[in-house]
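One chain, subunit A, links the two complexes that follow: it is found with subunit B in the first and with subunit C in the second.
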Partner chain A sequence: MKIDIQEHKGIKVFALSGEIDMSSSPVLRSELMGLVSRKVPVVFVDFKDVSYIDSSGIATFVEGLKAMMPYGGRLKLLGVPAKIMEIFNFSKLDKVFEIYGNVEDAFKG
Partner chain B sequence: MRLPKDSAVITIPSQPKYLCVVREAAARMADMGGFDASAVEDIRLAVDEACSNVIKYAYGGDGGKRITVRFRNTVAGFEALIEDSGPRTDPACLKGRDLDEVRPGGLGIHFIRRTFDVVAFDERKRNGNRLRLLKYRDRGHEDRHTGT
Partner chain C sequence: MSLPLANMPEICYPICMADDSLVTIPAGSLRAMERKVESFKTLVEISTIISSTLDLEELMSLVMEKAKGVMGAEACSILFYNRDLQKLEFEVAVCQEGDASNILKKKVLLDVGQGIAGWVAEHLEPLIIEDVKKDSRFFQGADKMTGFETRGLIAVPLIGRRGLIGVAEMVNPGRFDFDMEIFQLLCRQFAIAIENSLAHRESLQRERLRQELDIASALQRSFLPEFPTLSLGDLTVSAVNISAAKVGGDIYDFVTPVEGKLGVLIGDVSGKGVSAALYMAKASSDFRYISSRAESPAAVLDGLNTALSRYPRGMFLTAIYLIANSANGEVLISSAGHPPCIWITAEEVRVLSVASGPPLGIVPTGYEATPIALGRGERLILLTDGVFDARDRSGARLGFEQVVEFIRRHRGEEDIVPKLVDLVTDFSDGTERADDLTIVEVRRG
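== the complex of A and B ==
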């Protein structure tokens, strides 16, 4: 997994690529929780180039979201591939996360 | 050691960085077994989750152990036997969290159960654990496979 942290119109965007699993999710967690601890108001996570995610990866985003809620932060997921969307749906997390098609939609939402 | 027909055995160290090896093997075996792309991806994830659980729970994060996975394609379906040498696992742990509860963790077992028709520990194994995962073929595929 690779994490490219970009800034788009003042918003932090995590552009992820590759496989998110038990091996790589601790790195992702560290980066995400680093932003959350600074109370960054909005974080976009671009899944477009993510080929695989396991339960540890999902747990990382749930943890990030729950940590952002108390200060009103928003975690927006975008470009989620169909197979990964199926996992969010099955886990009923599609109703919990804000999920958008692309970065433009995420800005509007 | 002779391997049964249409089977493969892989042993990995109990370290997360090797999970990609075992899940790739699972996906390749499922693909060779004639499962469709969606089922192959489900099998990839479910076998990965089962091995992750071995690392986390049976071995408590100890990376110095081994996990052996035996894959087999049969007319009935795809089977994976996941073996470890950790303390006996309580079968009650094969229950995940309520999916309506929003918290990190507890999803892996759901991913295993949604894919495999049989998820059970082999009670005959004396030392360690052997988890049996079996996914049946859909009837249509079996007909094509056997030419019936």
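== the complex of A and C ==
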């Protein structure tokens, strides 16, 4: 997995690529929780180039989301590929996360 | 008048050989031989120490103390090469100032190429520096932090069978005219001894972990029902659970919340290993407590959701909880992001679509219950994703639809559950099981 942290119109965007699994999620967690601990109000996560995510990867985003909720922060997932969207739908995680098609949609949402 | 030193006659000493013959040896050569003998003695002594212990800390302290004494050094240290960080870190520092050792061990990390030790690690060659002030490679940061003054040092790479282990340094040695060949030989032996004790330490840790996992595995099994089958009136529930690792994250349970009713839980914890097992243990005990006080499956999931939301690290549980009435076959089903159950009737096999909320332990929410009427001879199959996410050697997934299709082909047969297990085993033959597998069958006779 590769993490490219960009800034788009003042918002932190995690552009991820490759597989998010038990071996790579600790790095992702450290980056994400680093931002959350500073109470960053909005974080975008771009899934466009993610090929696979396991439950430990999902748990990383759940942890980020749960840590952001108390201060009103928003974690927005965008560009989720169809295969991964299936997992989100199947496990009803689409009811938990804000999911958008692309950066523009995420800005409007 | 004084003669130039070179022209002075050298003092010679007679030496008695083993065959009683006498030879004379110049004093300089004799001193060199004596030093060589001393060095060999040290080599033998250190070799004895090296073979006397497999304890890494003891080994390093003993060897470094001895080497420090022989070389008259004020301090000595070993920096280990951390392959993950690609940096050198102080593993042992023997000096009179105990504080300095602690500071070095806690705070000083060197890049490969940084400082004298970094240079030695990069070039895999020893360095002898009589005056560090004249050497631009010297890293002054360590002295600044500890207050120690380094004047000269000898640094040698420790190279084992698997490459660089680290760098040994003698700081402010009493002399620099020692036998480098012997010193390097000693360091090679030392490096192999370090490697051996590291391997020994790893094997002890593995054994300890294995024992811990055995205990954890036995404890975890104790949270599952004692018998994998339970009957209540016309209803029979049975389960198969196979863990991918010693401790798994799947959960199932059977309870009788009120007379005549059978409660069946199946769930899958996010993640694997010990953390998943602990979470499973908590979920299991919370479920037992909550299910004994609530008659509706939705209320049980609501209670579990609240109880699990305090758990750290974003862990969650997907689950289905159903309560079946043994008198009339009425079943109330609630789901929290869990794969749907499969309903086998005399006429068809269908994927049961029930109202489902998100997995437990993430967000506050209210779960719903969907009623169905389970007829006589009908069955419900509940499963975890370890069944349909099983992969073959090429990495292809079995797939939920394929599992449903398999059940359709075998729907008239009694032993569908063992057949499903065989399907997964055959499909993933030659691969390591990646996920836990649990199948629960609820049958109305």
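In the analysis below, the second predicted complex is superposed on the first by the 109 of 109 C-alpha atoms of A that agree within 3 Å, B and C clash if a C-alpha of one lies under 4 Å from a C-alpha of the other, contacts with A are read in each partner's own complex, and residues count from 1 in each chain.
Everything below uses one rule, namely that a residue touches a chain if its C-beta (ideal position, glycine included) is under 8 Å from a C-beta of that chain, and two chains touch if they have at least 3 such contacts.
Predicted model, so just to flag it, every value in this text is computed and none were measured.
Superposition of the two structures on subunit A shows subunit C clashing with subunit B. Residue contacts after overlaying the shared chain place A:21 against subunit B, while subunit C stays out of touching range. Once the two complexes are overlaid on the shared chain, A:59 sits against subunit B and subunit C alike.
Of the two partner chains placed around the shared chain by superposition, subunit B and subunit C are both touched by A:93.
In the superposed model, A:38 lies in contact with neither subunit B nor subunit C. Of the two partner chains, subunit B is the only one that A:83 touches; subunit C does not reach it. By the document's definition of touching, neither partner reaches A:108: not subunit B, not subunit C. The single stretch of subunit C with clashing C-alpha atoms against subunit B, selected from 243-251, 279-287 or 369-377, is 243-251. Comparing the two complexes, residues 22, 55-56, 58-60, 62-63, 66, 90-93, 96 of subunit A contact subunit B in one case and subunit C in the other. Within the complex formed with subunit B, the subunit A residues making contact are 19, 21-23, 52, 54-56, 58-60, 62-63, 66, 83, 87, 90-93, 96.
Those residues of subunit B lying in contact with subunit A across their complex are 15-17, 19-20, 23, 38, 41, 44-45, 48-49, 52, 55-56, 99-100, 102-105, 107-108, 110-111, 114. Of all residues in subunit C, only 268, 270-272, 309, 312-316, 318, 336-339, 356-359, 362-363, 365 touch subunit A in the complex they form.
Note for the complex: subunit A touches subunit C at residues 22, 55-56, 58-66, 69, 90-93, 95-96.
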